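In the two complexes that follow, chain A is the common piece, with chain B as its partner first and chain C second.
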Partner chain A sequence: MALLRVTAALLLVCAARLGAQGARASEAQVKAVFLFNFAQFVDWPPEAVPDSQAPLVIGILGDDPFGDFLDATVRGEHRGARPFAVRRFQRVEDITRCDILFIGRPLADRPEEILARLKNRPILTVSDADQFAERGGMIHFVTDRSRIRLQINPEPADAAHLTISSKLLRVAEVITPSGR
Partner chain B sequence: MADMRAAAVATSMVLALWLVSFTQPGFAQQPDSSLSADALKKLSIEQLMNLQVTSVSKRPERLSQTASAIQVITQEDIRRAGASSLAEALRLASNLQVAQVDARQWAISARGFNSTTANKLLVLIDGRTVYTPLFSGVFWDVQEVPLADIDRIEVISGPGATLWGSNAVNGVINVITKGVKDTQGLLLTGGGGNEQRGFGTVRYGGALGSTVRAKIYGRGFGRDASALPGGAESSDDWHLWQGGFRMDWDAATANKVTLQGDLYDGRIGQASPAADIAVSGGNVMAKWSHTISETSSLAAQLYYDRTHRNIPGTFGEDLDTYDVDLQHATRLGARHDLVWGLGYRLINDRVANSAALAFLPAHVARQWFTGFVQDEIALVPNRLHLALGTKIEHNDYVGFEIQPSGRVNWRLSPSGTLWAAISRALRSPSRIDRELFAPGQPPYFLAGGPGFHSEEELAYELGFRHQRGPLALSLATFYSRYHGLRSLEQANPPAATPMVIGNGQDGESYGAELATDYRVTDRWRLRAGYTELRVHIWPNPGSTDQSRGASESHTPDRQFFLQSSVDLPADLRFDVGLRAIDDITNQQVPGYGELNAKLSWQPMPALDLSLVGQNLLHRRHVEFGAPGAARREIERGVYGAVAWRF
Partner chain C sequence: MALRDWPIKQKMTAMLVLISGLVLLLTSAAFAGYQYWYLRQATRDALSVRGRIIAANSTASLAFSNVADARELLSALRADRHIVAAVLYDKGGNVFAAYPAGVAGDVVPALPGPDGYRFEGGRLIGFQPVEEAGSQRLGTLYLASDLEAIYDTFRLSGVIGLAVMAVALLAAYLVSRVLQGTISQPILALAETAQVVSTRQDYSVRAPKLGQDELGALTDAFNQMLGRIEDQNRELRRYATELEQRVEARTHELQQSNETLRRNAAELLAANQELDAFAYSVSHDLRAPLRSIDGFSQILLEDYGAQLDEAGQDSLRRVRTASQRMATLIDDLLKLFLGGLCALFGGGEAGHIRLRGRTSGAQRRVQGTNRLGKFQACPFILRAQVIPPAQCGCQHHCDDNSHHDQRRSMFYGPMGGFLRRFHGDAAKSILFQLMAGLCAHRLPF
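So, the complex of A and B:
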């Protein structure tokens, strides 16, 4: 019976303390919303936009950590006249049309080869792999003490003729591996 | 009885909780993704960056794991539960049967067949098999991985023999420690109490150049003795010192190299006049992983492990293990993911026999050659996947053996997955099955097992996994048939002795394992697990063993576990872990319920103070062992701990 009392007391304490707390979300959810937001802060070169109503494609290469959350995030949303679409790719060769690419594990553990194959294509590359920006990726999600920071490497973005808004660069840590 | 009743109430509460979550759409929708998506989309980039996020525990990547009854114990789970040893941390996986036998011994198994020499579970620490060829089991007292260094523990119940190898008959425990980059800086921990007498760890990690990081650690602890049935203190108090290192080298772009090792030395008391048990040993391991291309990778590992154990009056053992493994994963076409590997192991085992028992011959060297191949086929990419594979092994006892399995994974929706598997697994002979004689000199009462061959299992599994928003749920059901289980046979019936070890028993097991993880609010998380399990063993025609498996399996029919983790204001955290274990009938161990609790306070990010109570409900209780004066009881314990990071 002692057991039951302890359990009941615990449940009561918890219920009382935790009525309505907020300000926390799952890491994958927040990253999904970041991916969606990036579209507002990046300009693609005209040749990357087949027409003004072509979908803006967020691609996921490799394992998908978002479940259906990314789909839910972009459902019904537009950038200008362009609706959003989410596509999943197993291999780099499968990537046809894509504007923002999240590189998931396990491929992201060794991003160099993937990035080499995407080089100069107008695709915003994003990953949470270690030192992604330093290794030639464009945006790296760094999870630090339960918060997500952004590291941005503008060089590959410049090379791919993507323009990243200064508003985004201001809140991010800018990485310049070549030291320019 | 009261405990079991309370456990039943608690069980029904939790079952009600998750049943409700399915039947009432409102309840399940409340934390629905689209709702939170809208809320999150209203936030600015700065606000998103200020948001506290919770990471989902790492999920296994291979289908062979996802299509299996896997539970993952994370570093956070271990820390929050206040576990003080690896064995104790394993209580957090409800698909394991974990019983503390005395101050240092544990009986740990999955899907039954538990004993202090349980032999159907494979345990790996960073890929190194911690297994004694003496009885195909684990000496848990020398597997003292520093808990703060563990990244996660993957616990797979059910056969994993195809990928992991022999012994993975009923389960695999895969302990994965953190890489050096996650253990940088200085960590000091220390504490003590009445059962955990005193413990301390020093760990330092730093960078040696831009691509090499290294860490070293040292630790020591003393633990109080368990109690005798009358409550008097027994004499198995003990202490252990351990130190180790790890170096990670991120060489070039496609190569990763890890070098790691440990050394330990400990003493465990025995009842006088016997002298203390001495244990010591160490290991050193090198690993190399190489990315050949985006779809192809190679991994190799090499280790040497040495253990010494001297139990005065019983036996002594010196064991050297040399092991090398190679694994290659590659994609073939659009639909096939192929993994294959080769392995070789050499053991050199020297036993010092006593008057009580003898392993004959005392000194053996044995070799294992293994190979495996598995193909994961995307029948419908991202929806329906099939994995077919087999292990091929050659050992000195029985020659070639094959252990095939087929697994299918069907993703019903983004949140729900159904899986099924059929596997054949073998428990190959160990020294105890073939070479154990008692007493140490003729005439023998027990005269080895010259004809003992592998025990065979055929397992059928069906499971369901669901993850949506804050709720994760996994249900695994299984039925297994066993052939040729170990038995004790009269060598010349009707003469009662000598006896020899044979394969005279068959058996079956079936049951269900349910595990749930529910984030009730952002600050309150509940994990619950419930396992129902039956093991039946019977003699084959011609066998003279009438024990019906009484020496092979000591397993409760059901167990329940509940862990509540609450983040309180003022940087306080409060955790309670409840477990209720049914009786072990063939050992007359009564059912019991026990409670652990931990209160911790983190006044600043670098400092963590905690108070932990273990087995709080009873002054002492029995978890395992045949009734009698030698059975040990586990006492209530309280300890305080401090952790400081620089």
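So, the complex of A and C:
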């Protein structure tokens, strides 16, 4: 049922935005789905989960490129017993409770400061800013010939005690700035 | 040749081989059936496990749309030559990646089917859901495998089974040829002994005993039966010999008895002749003159007594007394003779002559005329007895009722042997005179 809803929302959003935004809208939709899928392949430390039914929060810092699509994508979905929730933040100081954080522009252009503020917090940081993984981010959306690839820097994830599934690592490009 | 006519050795060997073959066949059939079922289950389980592994590793590829990674995953299936096709569908049911590249459309379903594995169209196919634990379904994995693995294993098992069956049957044949002797040899020995007994009539032969089992007991019983038959034959021969000896002895005794009887008959004939002479002499030579003397003396006394004086009458009386005393003496002599005669003829009571009559009618007439009573009244002597015709000793006149009156009936019986030789008036006269002489009565014949 949830699958049907996600599929229907995807189709509706795609139909609504196809004419206005074209290929860009599709890219955002894909990224939104990827954000949702990250939750399937990342494990958070137990101390980061207040209770077993606490919502799994996907946060958006800065501009929101997904519109309502991300909300529609996660609506009604669960990871185990945890429902999904989408929250939007304008400042990094506003982030109190978050599990996956997409850093949008223009803040993504200066990710070091934000990442420094979020250092060692169990938050999976994701962005499509240039060289986000090399600059200390965890997952970087790379658009390559209309395909979205992933670059993953496991070091900050390890520092934040996040466990990224090897399946996710297999489909992504692993970036190790320190050369380890 | 019909099975029932086979030699027992061949029968037993054939039975053992057939039983072994049947057991092997049933066992092989059961094993083949189980193996076929097991191979299908194992193949389905193996494909299911393989599908779950690939599906579990395909989640990220589907989740993050990495077709290359999905193809690489599916290409690992080339290690299994029986995999005909493998397809990853995304959650929309579209083909995401397929193996082998360019696989024919008739092998790849356009849309994923119901989850699960099943045999269909000569293939084993399966639709495996692709989902990360605890999350939404990401897509579907389709796997299609041919059944050559099953058929190959089945063919190999069949060849092995046939080889094992051939070897087992050969071993069963060789073993049965050795083991059947334990049963067939005693039976063959019994049959051979029975054949010898039947053809030669020789009951002294014995069947060899080859064991202590039931066939051994049968051999013992057979030999005991032959022994009893042999003993009985011996006894029969001995009884036959004794019987021949007894018959011969008895025949000799009979011949001696016949000789004695012939001698007795000759003696009797001589005695009869003497008796004839004696009776004739008594009746005619002695009694007739006396009777005349007595009779005429009585006539004289009665008719001419008045003309005689006392001395004449006394003389006549003396004559009569003397004649009567003489008659008494003759009677005593005849009585003595008759006693010996009766003892000679009838073996009965002395002085008792048993005369046989012919019919009950004759007896009735005798009693009616009281003639027989006169014989019965005779003190020493004759008793006439009338008996039924069936017991009649008549040899001459029984076929003529007119001649069989009471008088003739008196000619039969023990006396008949003597009297029978005289017929008609001669016999009547002899008997009359005999009776008249013996009794004081005149018989009205």
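One rule holds in what follows: the second predicted complex is superposed on the first by the 155 of 180 C-alpha atoms of A that agree within 3 Å, B and C clash if a C-alpha of one lies under 4 Å from a C-alpha of the other, contacts with A are read in each partner's own complex, and residues count from 1 in each chain.
Keep in mind that, in the parts below, a contact is a pair of C-beta atoms (placed from the backbone, for glycine too) under 8 Å apart; a residue touches a chain by one contact, two chains touch by 3 or more.
These figures come from a predicted structure and were not determined experimentally.
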Task: If touched residues of chain A are counted for chain B and for chain C, the larger one - done: B
- [ ] Considering only the touch criterion stated at the top, classify A:T163 as touching first (chain B), second (chain C), both, or neither.
- [x] neither
Task: First, second, both or neither for A:S26, with chain B first and chain C second - done: first
TODO: Figure out whether A:G80 sits in contact with chain B (first) or chain C (second), or with both, or with neither.
DONE: second
Open item on the list: With both complexes overlaid on chain A, does A:L150 touch chain B (first), chain C (second), both or neither?
Closed with: both
- [ ] In the overlay, answer first, second, both or neither for which of chain B and chain C A:T176 touches.
- [x] neither
- [ ] Jot down the residues of chain A that show up as touching in both complexes, chain B in one and chain C in the other.
- [x] 2-3, 6-7, 30, 34, 37, 41, 147-148, 150, 167-168, 171
Open item on the list: Give the list of chain C residues in touch with chain A in this complex.
Closed with: 57, 59-61, 63-66, 69, 91-92, 132, 134-137
TODO: Please give the residue numbers of chain A that touch chain C in the complex, ascending.
DONE: 2-3, 6-7, 30, 34, 37, 39-41, 77-80, 147-148, 150, 165, 167-168, 170-172
Task: Interface residues, chain A side, partner chain B - complex - done: 1-4, 6-7, 10, 13-14, 17-18, 20-30, 32-34, 36-37, 41, 63, 65, 67-69, 72-73, 75, 88, 90-92, 105-107, 109-110, 112-114, 117, 130, 135, 143, 145-150, 167-168, 171
TODO: In the complex, go through chain B and note every residue touching chain A.
DONE: 2-3, 6-7, 9-10, 13, 33-34, 36-37, 40-41, 43, 45-46, 48-56, 61, 181, 253-254, 291, 293-295, 331, 334, 381-382, 414-415, 467, 520-524, 562, 564, 566, 568-569, 576, 578, 580, 593, 595, 605, 617
